[in-house]
Amino acid sequence: MLNLVFVAGLVLFAISSAYFYSVGKNKAGFNSAFLVSFVTLISYVLMWQGNLTVVTQAGQPIYWTRWLFYALSCTLLMVEIAQLKQIQGGGLVQLLYLTAIVMVTGFLAARDLTAIRWVHFVLSSVAYVLLVIKVLSVKTAKSGWVNSYIFFGWTVFPVVFLLAPTGLGLLGAGVANLLYLLLDIYTKIVFNIQLGRTGS
Amino acid sequence: MLNLVFVAGLVLFAISSAYFYSVGKNKAGFNSAFLVSFVTLISYVLMWQGNLTVVTQAGQPIYWTRWLFYALSCTLLMVEIAQLKQIQGGGLVQLLYLTAIVMVTGFLAARDLTAIRWVHFVLSSVAYVLLVIKVLSVKTAKSGWVNSYIFFGWTVFPVVFLLAPTGLGLLGAGVANLLYLLLDIYTKIVFNIQLGRTGS
Amino acid sequence: MLNLVFVAGLVLFAISSAYFYSVGKNKAGFNSAFLVSFVTLISYVLMWQGNLTVVTQAGQPIYWTRWLFYALSCTLLMVEIAQLKQIQGGGLVQLLYLTAIVMVTGFLAARDLTAIRWVHFVLSSVAYVLLVIKVLSVKTAKSGWVNSYIFFGWTVFPVVFLLAPTGLGLLGAGVANLLYLLLDIYTKIVFNIQLGRTGS
């Protein structure tokens, strides 16, 4: 099952990379949708390869590299969200920093099998809450739909983290990584297609 | 003693994170003081956890993760210093690059137990001297007090590095990490309180 | 031979660091030529030290740290190339991202001894081709000579990677690292001297 999930992710994000590249080719500037998909593709190749994991006492593998790649892809997504929300300059830098902190502390929590991982998890959650408060507090005409993406997309990640072998271990590695794949599709592919349609 | 130092650092930087967040909440832009404290808090959690170290022949542990987190927190501090000194654009990018080089070569020197660590130490020192020359050469009305912070705060770090198990081993790990904690308080908390008072 | 190559690289890039620093000292802004040489100097110190390698079945060492340092030095070079080509804003960010992806996937391919390294190599090549298309598609009066640098300098790196122990293993580690040194001199020293002469 795990292998299947990673191959599915690998194939899907290869296709979405090609799609977003061709769609964005003639636009000026920065093709964030393509870069998000390409970074996620690399992440799935690395998880499929499978040699950078830790194994819990229950014998479940944790693919901690995922969170390092999220530090890259989610800062890119945050640039897109900030643009919709018209957050610029210092406010944008702060959002990118918080996003990176959420993911790097997530990586520290994922790599660690001791009880101290909960401290990392709390710090990651604090940074995430500060991030969400900041993003949701800005209201613009066009950005209403983004808030639901963040609520139903981004916020489910720490819930899966909590239930997965990284946290309480109520879900196995297979189910957890399948859920992450569905969340990746929702927040990185569906989101960018929607963003393209709203014409920004 | 080591454990006490790390718990003290952890608690202090948790408090200063909360303080700088609440003080800066309503300001526009970039809350650097908060991010510096929060990054340092993560660094202390990781050192308290204690599994990412190398041990010298004399049996002293070296917490090399410290220098990777300084690469983050000190580039943030450098943004603040550059703002006071009105260094912008390319000049600022150069300062941030040099700061990161100082800390990454510091990390390489700290991780390495062979004589080659002295080569890393020399490269780190060269980058640091170039950095200080650049910062001190710019004189503005408001920034006089910053120079003494750099002289008495930043410059003591490589001196401790030299005397600690990372260098000559004249100090033990406990004393060295206590001195680093005092320096962290001075350069990351006292500095930012002072910066807030001068109203920039 | 390997040791000789690394010492030669170390000495040459120490000299070029000092040269570019003194030449650029009085210019405003960002001394990229110096930083490229200094970062490369650190990279050669680390390879000379020699403890961060993987060894192939044929007994050849692979110095994978090289590619992490290229992620830093080549993004700096790309800033210089983009300036000549007058690529700014979002277009520049995309180029820097692609450059970093080329090098990080190169690092993943170099570290990996299994057949999956070819997947990383393909992803690195895709990112590189997209990068080159983007750079070559912009034509400005002054930038004709840059295209040949990229063709004859940058593009030889993946060819060496392919023939070296990282790929097919037709070249030994000694010859491969000698070729990389020559390419480093061409793309990081000769290029920056040429750039200084054309007066940009």
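Which chain is which? They are A, B and C, in the order written, and residues in each are numbered from 1.
The rule is simple: a residue touches a chain if its C-beta (ideal position, glycine included) is under 8 Å from a C-beta of that chain, and two chains touch if they have at least 3 such contacts.
Bear in mind the structure is a predicted one, so any value in this text is a computation, not a measurement.
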Rotation in the CA alignment of chain A with chain B, degrees, nearest 5: 120
Interface numbering overlap (same over half, different under half) for chain A and chain C: different
Cα-centroid distance, chain A relative to chain C, in whole angstrom: 30
Contacts with two or more other chains, residues of chain C listed in rising order: none
Residue numbers on chain C that touch chain B, as the complex places them: 21, 28-31, 35, 38-39, 41-42, 45-46, 48-49
Residue ranges of chain C touching chain A (in the complex, touch as defined): 89-91, 93-94, 97-98, 101, 104-105, 108, 112, 114, 116, 119-120, 123, 127, 130
